[in-house]
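Heads up, the next two complexes both have chain A, just with different partners, chain B and then chain C.
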Partner chain A sequence: MAKFGFYFDASACSGCKTCQIACQDKNDLPVGIRFRRIYEICGATWRQDDQNTWVPEIAAYNISVACNHCEDAPCVKACPTQAMYKDDNGIVAVDPKKCIGCRYCEWACPYGAPQYNKKLGIMQKCDLCRDYLADGKVPVCVSSCPMRALDFGPLDELQKRYGNQTTLYPLPDGDLVGAGWVIKSHPAETKAKELSARIINPEEVKNG
Partner chain B sequence: MADNTLPLVIFTLLVQFSVGIVTVYGLFLLFPHFRSKNEIPRRFKWILIVSSAAALVGVAASFMHLGNPLSSYRAVANLGSSRLSLEIFTVLIYLGSLLALTVLQFVIPYPQRHHHWLTILTLIAGIVVIYVMATVYLLPTRPAWNSIFTPIGFYLTTLLTGSALLLLFQINSGSWSSQKALAIIIIAISTLHLVVLPFYMTWLGEANDATRASLEVVLKNQLTLFLLGIVAMGLTASCGLWALFSIKSCMIKNRYLFIPSIAAFIFAWAAVIIDRVLFYLHGVSVGGF
Partner chain C sequence: MARQNRRDFIRNSVVAGGIALSAPVWIEKAFGIEAGMAVASHIPRDGWVNLGCPAHNCGGRCLLKVLVRDGVITRIETDSREKDTAADPQLRACLRGRSYRKRQYHPDRLQYPLLRTGRRGEGQFKRISWDEAYDLMASKMLEIKEQYGNEAFHVPYGTGSYSHLNGRWPAARLINLFGGSLDYYNSYSWAAISKATPTVYGTGVCGNQRQDWLNSKYILMWGWNPAEMRDGTNSEYFLKLARQNGARVVCIDPRMTLSAVALADEWIPIRPGTDTAMMSAMAYIMIREGLVDREFIQTHCIGFDKTQMPKGLENEESYTDYILGNRDGIPKTPVWAAKITGVPAATITRIAREFGTIKPAMLYQGYGMQRRAYGEQPVRGGCVLASITGNIGIPGGWASGIALQPGGGPFWSIFPTGINPVKAKIPVFLWTEAILRGPELTEKEGLIGVDKLSTGLKFIWAVASNILINQHSNTNRTAEILRNEDLVKFIVVQDQFLTSSAMFADLVLPACTHFETWGLEDGWKYGEEVFVMPQIVEPYGESQSDFAICAGLAKKLGLAEAFTEQLDERGWTKRLWDEFRQLRFPELPDFEEFLKSNQGVYTVPVEHPEISFADFRRDPEKHPLKTPSGKIEIFSEQLFRMDQPVEIPPIPKYIQEWESPFGPEADSYPLQAIGPHYMSRVHSTHDNIDWLQSAFPQRLFINSVDAEARGIEDGDEVTAFNHRGQIHLPCRVTPRIMPGVVSIPQGSWSHFGKDGLDEQKNVNTLVSERWTPLAFGNAQHTIMVEVKKR
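Moving on to the complex of A and B:
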């Protein structure tokens, strides 16, 4: 079976959060649970130019992150009950009957993908809209993106079309877990590294 | 601190406390020159009761961090790849062995050869539990935890809390040599805690962005707690020293040992609780996610 994945174009993303809201709406998620989150990355400083004028230096962009359905999924390895599993399409999903809500997968995932549902006492996460896929549709985050910053398809096709990049500052190295997605960088990425840019909306994206 | 962290603080500390008691007890049992002849049957069975109670309360607390504790029997289903499964499995083996040893101390009078064997088995199981418990936190996605400092910290906590309790039990009836040995262990472990700390902080500052973010959590957001932890650990070492001098100056009047032993126990616990809370607070994920 083909392994599916997402493509994310950081240079096109405006940070409108339509993908996040569409996902929450489709999955009927309560406040505090986001299968897809928009991380706002920003770094800034002041620099003195050659005319001794202080000018601001800024690097800012957005990263839309859901589960990357990693090849070597650390959440699947970590799960003590085998509630977290990979299906034939490489989709990492949670069996709610087996999950005990220990949240160890949350620690193991470098992308914060597994989300704890306090009311149900279990973990939930993006399953690539499996029901939509069965109907021949694409995941709701992809179809809702007004900037066309998200794409979806078999991972090998995405890689042929967009390349093999899986890391974007300050995301962890995609090779760490065999992240099943493809990224297009933002032009400000190098500047963001120089400025040690950080996530500036940690409270907004926090699970809980 | 996340909602589920407090039960984990209680679970890890109480299981380590329990293993620490068994470890120090086991060392005394195996190396008899540290104790008088009748020392073990008189008091050590009560020490095992405390150890068993600590382990049972710790395991009970671990259920509190689960969202769905009724299905917790499934938690040993992934022994092949989940360190958490392995931790639960080894804790159960340790607990079974400890409870058997405790019951045996009351049923069959000491000394019997099987006491020794069961003590050694429980001791080994305890040492394995602490190691496996540390590996649960050796996650590449949490760089501040993913280092040799995690198992070192867990073993030091184990020995410190265990020896602090045993010194308490030795106040009125312990031999001079065992009291002295315990005071020296307390001084050594608490000093080692303080010696390791700068190395850990230096490593956090140098390793990568995530560890630097962890260092920032400790030194900016939690500075007061961090300093209180250092003070508590320093006071533990000082009380150990005080106890050591009390033993030397008055071998018969053990009441002089009472205050430093109690103080060492309280400060040791204050220090390890602060240390463990900080441990969970500063475990920043790679990329800050």
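Moving on to the complex of A and C:
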């Protein structure tokens, strides 16, 4: 049994959202349901001088997140009907027969991964393209990235290759939930907090 | 034990019992397509097909893997060739290509020919048969030819369908057989840059193959945004590789673009239209501090200073004269440039020193800055900076300018359109002038081939073109011109949707998509590849391929045989494929075998990237440039002889634009607006795709400084307006744009209200129809506006 995970290189992500659309296509998702979302993080101050010039102090980068199939998955814990479960490969998935669409998992998840499908009245989410894994293929988002900013594999391998970082401002500490991913920061992250960087594209990541 | 590759490892690591191995849920019928329709024998009913992407003029050419089930496209993936090397990288499609299914099965697809019933532009149509459509079109063509002659016909620029076989090419071929039409030169993309680059180098082929970017140590990404417009599939990826090799990348742009975030070490915001001022100030520092490559200038350039002026022009103003202010009394110092550009003098000085000392360096200029009032100037200015730093003809350097690729490059179109018996050509952007006052146009408006036109335009046949309204400047003016049926007598629009342009047609012909017919394409600007695009599904409704539509019309006109040469779309695709083998790729496999292999793309790995001007660099006497002097013309005698020193100076100069934050127009309209390419569209194509709209909604982007001053909050509906019109759209308040500048991505579809005015979200409603002085090009990003909360 391998525990799989994603690698995300924030320094290389342009925020083009090809991964998001590739996922929507693969999973036949309607508008408003995004198993993978791209958060645009930005904070800045602008200074004008007497020459009428403008100088920004700016931090901007993107975070592409699907589901991190957490070791200690809060969504699984929050689910009152045991519809949200972890399979033998550590993949967190929804059993549509058991899901009652109460959306507790959505509230519990620090990454916004579970998506509510209004039409079906249930939650849906990233399952790491497990039909592809069985076929020896990587998840569709990973092979889609024009910047090669995503990778996928057994988590221990990814950690060997890319390190153990699981947190990126302003996301919560990934270690608290055993988030199954590895991140490389964007250089701008170092000044993101002092510039009060925040998600500036809320409607583009909103479920519904 | 045999070594496992990664793919096997993933497969073997999966606990089979834990996974439902059932097939994904297919929803063939979600789009209302009946499975089990009769299909042609060559169309695959099931399975993955590899083919070229896109069918439009985006800046890429990628590989799509399309899954067909029961004659319906059910999924789209991209290049997954095992190897992904710099020499032969995977050609990964972007979000636009990945969303094609939504376009293919869009409920608004045109299904049958439509005839206008209301007044022109009102958008009222009735369904007619193909036979009626052909009869009507043929009779109008003959009638107008009889009355006005062939100069009255025009097949406008259009890139909505851009395979080598489909799009406007077959229409151009047919109309040439019919006696010709008023032709155009230049493009809406590259007018100024394609005209201005050869004034410096004698050619536009001045780029290096992209693998060479990995040799660069310093890259100025000047108004260049490959992550959004791509500019060749993988250009953004090559920049990532260049940085991994140690290149420092600085982005100079009014917007902190997707490229600035992911590809640059630093973003320098600059006021639109002032690039040449910053370039001049950089030259000032480099001259003052001895950072120019004196030896290279001496041996390879003319016009740099008074010691190397063309014969007889020794007393004219040299580049150094201009930069130091020897004639006009204005030294082009960083302090001078700071007030104009909005870039602090210290920053300009630092960038000048970096560019002057880090070798080899690239100044790669984007195309937005040349679609402006004096768009020729930053092109020449960029070329001059590249030259005086000696970054010409060397690995890791870059000559700037249009930078077409040495050693081939794409053909753009290989389909034989034949010879146009009409010799007259207008600049592509001036077709509305040819409607309004054709016979009055002269060389002053860029007319070539004849002294005078015999008529204004009377018959327009727009194929895969949204130029008629949407993509041309000043949409309200254009609409008014087209509404007048005394001017253009008959308008045909051939497309896949009822676009803004199609709303102004007398006859609308439904064209099929690239999935529904045959075609082929080659790399965009840079690529070393050719793609085949086989038909994989049946045409939608009664739609036909652009080729088939023209063939049907040719029959009515008695030109069938000459037009088709007895080949269908597949036959032509094979013929063009063979042409590629003749002209470009000698190793190109046999067409039938290649189809069978289902590779979709043939690529030539670039192991040793070619460098433009390497021979010239080595021996300028033996390998002179194709300029009049044989050297790099910092001073152009040709331009000098045009005798328009204010707007067409012989050396690159900063010229204040005709709409500018420094002009009186700024009192009423103080904000500069720019209309960049957008992630959710290829120009106006894909504007109706909901996945893309939700990923990148059409908006006005405004800095928090300007928003606050106007009481505007993020997400508010705003109105952007000037004396030409107004548009309404939601806004995004963002720090990622310079104060004083708003961005309204181009390509959103116009829609005209009852008052006849376009008040949708199309930036072109606010744009002047005035053209650039040298190239007669579109200056569509030179716009002043005001913005208010709605």
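Heads up, the rule we're going with is that the second predicted complex is superposed on the first by the 200 of 208 C-alpha atoms of A that agree within 3 Å, B and C clash if a C-alpha of one lies under 4 Å from a C-alpha of the other, contacts with A are read in each partner's own complex, and residues count from 1 in each chain.
In this section, contacts are C-beta pairs under 8 Å (C-beta built on N, C-alpha and C of every residue); 3 or more make two chains touch, one makes a residue touch a chain.
Note that the coordinates shown come from a computational prediction; the quantities given were computed from them, not determined experimentally.
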item	value
Simultaneous placement of chain C and chain B on chain A, clash or fit	fit
Which superposed partner A:77 touches (first chain B, second chain C, both, neither)	first
Partner chain in contact with A:108 - chain B first, chain C second, else both or neither	first
First (chain B), second (chain C), both or neither touched by A:32	second
First (chain B), second (chain C), both or neither touched by A:65	first
Following superposition on chain A: angle at chain A, chain B versus chain C, Cα, nearest 10°	130
Which partner reaches more residues of chain A (counting touched residues only), chain B or chain C	C
Which superposed partner A:133 touches (first chain B, second chain C, both, neither)	second
Partner chain in contact with A:98 - chain B first, chain C second, else both or neither	first
Smallest distance from any CA atom of chain C to any CA atom of chain B, in Å, after fitting	12
Chain C-contacting residues of chain A that also contact chain B	none
Complex contact set, residues of chain A against chain C	1-2, 4, 11-18, 20-22, 24-26, 28, 31-32, 42-44, 46, 48-49, 51-56, 58, 60-62, 87-89, 91, 130-131, 133-138, 140, 143-149, 152-154, 186-188, 200-201, 203-204
Contacting residues of chain C [partner chain A, same complex]	6-11, 13-25, 27, 30, 75-78, 80, 84, 92-95, 98-99, 101, 227-228, 233-234, 236-237, 240, 256, 258-263, 265, 267, 269, 335, 338-339, 341-345, 347, 679, 690-697, 703-705, 714-715, 732, 734-736, 738-740
Contacting residues of chain B [partner chain A, same complex]	2-4, 65-69, 71-72, 74-78, 81-85, 88, 136, 139-142, 209, 283, 285-289
Contact set on chain A toward chain B in their complex	39, 65, 74, 77-83, 97-104, 107-112, 116-118, 120-123, 170-173, 176, 196, 198-199, 202, 208
